[in-house]
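Here's a structure for you.
Read from first to last, the chains carry the letters A, B and C; within each, the first residue is number 1.
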Amino acid sequence: MTLPSPGGSQPRTYRRACWALLLLCLLGLIPIQRGIDRRKAGEPGATEVLFLPSGKFLRRVSLGYESLLADIYWTRVVQYFGRKRLEHSNEFTLLGPLLQITTDLDPHLIIAYRFGSIFLADKPPQGAGQPSEALALLRRGIVANPEYWRLWEDLGFVYYWDLKDYPAAVRAFQAGSEQPGAMDWMRALAARVAAAGGQMATSRFLWSEIARQAGNEQIRKNAEDHLWALDAAEQIAKLNELVALYNSRQGQPARSFQALVAAGYLRALPRDPSGALYVLDADGRVRLNPRSTVDLDLLQ
Amino acid sequence: MLALETIELTKDYRLGFWRNRIKRALDRLSLQVEAGEVFGLLGPNGAGKTTTLKLLFRLIFPTSGTARILGKQLDDVSTRFRVSYLPENPAFYDHLSADEFLNYVASLFGLSAAEGRRRSGELIDQVGLSASRHVPLRRFSKGMIQRLGIAQALINDPDLVVLDEPMSGLDPLGRREVREVILRLKDRKKTVLFSTHILTDAETLCDRVAVLHHGRLQGCGELNSILSLGASATELVLEGPSAELLDEVAPYTSSLVRTGERVRLEIPEEDQVQKAFEVILRRRAKLISVNPVKRSLEDYFLQKVGNSAESSQEVASVYDSN
Amino acid sequence: MRVATIAVHTFKESVRQKVLYNLVAFALLLIGAAILFGSISVGVERTILITLGLSSISVFGLLIAIFIGIDLVSKEIERRTIYNILSKPVSRVEFILGKYSGLLLTLLVNTAVMTAGFYGALFYQKRALGPEDMVFLGAVYFILLELAMVVGIAVVFSCISTPVLSVICTFCLYVIGNFSTDLRTFGQETGSAFLGTVCDILYYSLPNFGDFNVISRVAHADNIPGYLWVGNSAYAALYITVLVSIAILVFEQREFR
């Protein structure tokens, strides 16, 4: 590099004029650029979709820099999403296509799947309100990253929260829990959902599996507690039925389980899974013994 | 009328990584070249000759001082219509042929296409390149390039021709041709300024010379008057001189070289030469030749700056930095 | 006048460089191949040809602009042919302008050849050319504006440093120029006001090439809006003036030892 030395082939005034011209033009660029940016932003959003290149095409022409390009597109996703949120917009038309491009460019960009699905699934104005798009995104993520079991978790949550599709959620959690390296509570998740969704049998199965395979005493106990709660809930339901039957047959409400045993409805006094006796309270409802260690709240 | 005038022209270079060392390549050069004369710029390599010429053409800029070409300031581009320059070891566009190149140069001078073609055709013949006029320049030898360089320096029929080492790379035939070109220019009352480190070239051509060394003007004027400062020796070549003869002339002989039968004597004092002749005649020795010994430029410089190892290293290092 | 002489000379010199022919031939080949790519997928033959064709013109034009542009001045300095030219009645300004114009002329001719090939391919595909195909000339015009700016950048670097550095710097500036919007977004996204301002300054001073790329628009048969014609032309004109001024200012000071 050569540095300028004193003197030049033209007099000073000429050089000053050149500098002035240079600065003027540089400053003149600013309003032009601003004008272009303003007009661009004002363009209707629908036409925006047409101008995005396909992710597969981009991937081919990026000459090995796909992950860099993916990162750039990810920032564009964030920017687009942020802008739409700022405008309190209810339309996020480009979100899906941008995420598609991003994940086409780098199928292993986990964050795009995870947060992308959140952006997509949430209802407007928090998000795009497109849970099925979110599911599709996550499925693609799972195909490309089968070892990343958390995507199953995200999938399960979309089913659970946004679609209220409990069986599907359970299936997702279960599938995720079967991936190597998945944390144990994935199964817990599946089981809880199953319980809250009303599928006791599945839940019982899952909890007993957890209890059986638990490598850890706390997890085993936790699973056992859940199983107990499940069993207890089921038993309470059955006992309530029996009591109702007794009441309708005998014409008078039963005061205690003794009566049912005496009447032959029960062989023995019913005990919950922890071994404590069930209680028939004054209203005729079956309750847990206060000294029972079963925790029905686990079913919430 | 002065064709060229420099006034205290100075050029410093900043050297070193931090650009804090200053090397003075040209030190307050004040020179005048009259119109119509052939002026030589002499000096060893690194004396500042090329620096001076580049300053004249604004390829580098002076640290201080000024110059005037044909009466105009240096930054007046219009003077270049009447002046031309041939740099040392010139380089021209490889992909063009000789006539294409000259036509291009002609168009830069604003000559019409027809006029340009006419002049380039003439000049190609004049410098002896007629056979190669359509050959691409990348196939030219050094001598051919040099001749083309002379041609491009003449295409605008300049009043002042500036040549940097025009004889370099030429065989004796080429050198003679260049010498003839310069003499022809002189006949046409043009001014020629050329730099060289070869004394004989300057001798045969120059009306006046300026001698540069270490960036400083050591002397300016007619060559002989500069170099005859100090004694000039005489050389005698004898064949088969007797030992007694040699003994007799020994007191005023500064050097004696024997080559076979011939002996070369060098007698520094002019008045002693007459005595030598008398001895030779008396002894009937065979005198082959008598010649004045020309002092070389190197002798001149060594005398000027003292015969020290430092000065020759100085000369060498300045040469290297170019 | 001398500017024109130097420009024509530069044009002739560029045209004699083999690399030029290779690049143009390759571009034409790619345009031809685009027809094949299109036939693989249904309904998008035209889109693919347009996208690939125009992108080839852009990319190869860019390569020519960079590789010949960086040599424009530095080669003359390195080979010392500059001594000869500057000792003629040619001012340094005229020299720079002439070199720049010459390369621009070269690019114009090359782009015209490639565009002709592109239209040839379009004709081959559709067996007809209609008025809706005129819009591609607009895309080519914007590509030319882009290239003119890149040449300006290359000339500036050619005056300052060696060819290798010039290639790297010019290419980097081109890439950054394509992502300048993202750069600005990055500045806005980070909470720091300082970074935001820095990124804004960079956004306005670095060349913004993103707006010149209308290839996807025209590939989907959309029109080029009027404000882009005016805006881009003005932007390019000003930016080129800036670049050429920088080149002149640098070159004016340059000494040739």
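Assorted remarks:
Just so we're on the same page, a contact is a pair of C-beta atoms (placed from the backbone, for glycine too) under 8 Å apart; a residue touches a chain by one contact, two chains touch by 3 or more.
Fair warning: this is a prediction, and the values are worked out from it, not measured in the lab.
The chain with its Cα centre farthest from the Cα centre of chain B is A. The chain pair B-C and the chain pair A-C differ in C-beta contact count, and the higher one is A-C. With centres taken as mean CA coordinates, the chain nearest to the overall protein centre is C.
Mean C-alpha position of chain A lies 89 Å from that of chain B.
Chain A and chain C, compared by their mean Cα positions, are separated by 47 Å.
Chain B has residues 58, 61 in contact with two or more other chains. Counting partner chains per residue, chain C shows two or more touched chains at residues 91, 255.
Multi-chain contact residues of chain A (touching two or more other chains) are listed as 5, 7-10. If you check the complex, the residues on chain C that touch chain A are 51, 55, 91-93, 160-161, 179, 182, 185-186, 189, 203-205, 208, 211, 216-217, 220, 222, 225, 227-228, 231-232, 234-235, 238-239, 241-242, 245-246, 248-250, 252-255.
Chain C contributes residues 1-2, 5-6, 9, 13, 16, 79-81, 83-91, 255-257 to its touches with chain B in the complex.
The touching residues of chain B, when paired with chain C in their complex, are 13, 54, 57-61, 77-78, 80-81, 84-85, 87, 89-95, 104-105, 107-110, 152, 322.
By the touch rule above, chain A contacts chain C in their complex via residues 1-2, 4-5, 7-10, 15, 18-19, 21-22, 25-26, 28-30, 32-33, 35-36, 39-40, 43, 47, 50-53, 57, 61, 72, 75-76, 78-79, 82.
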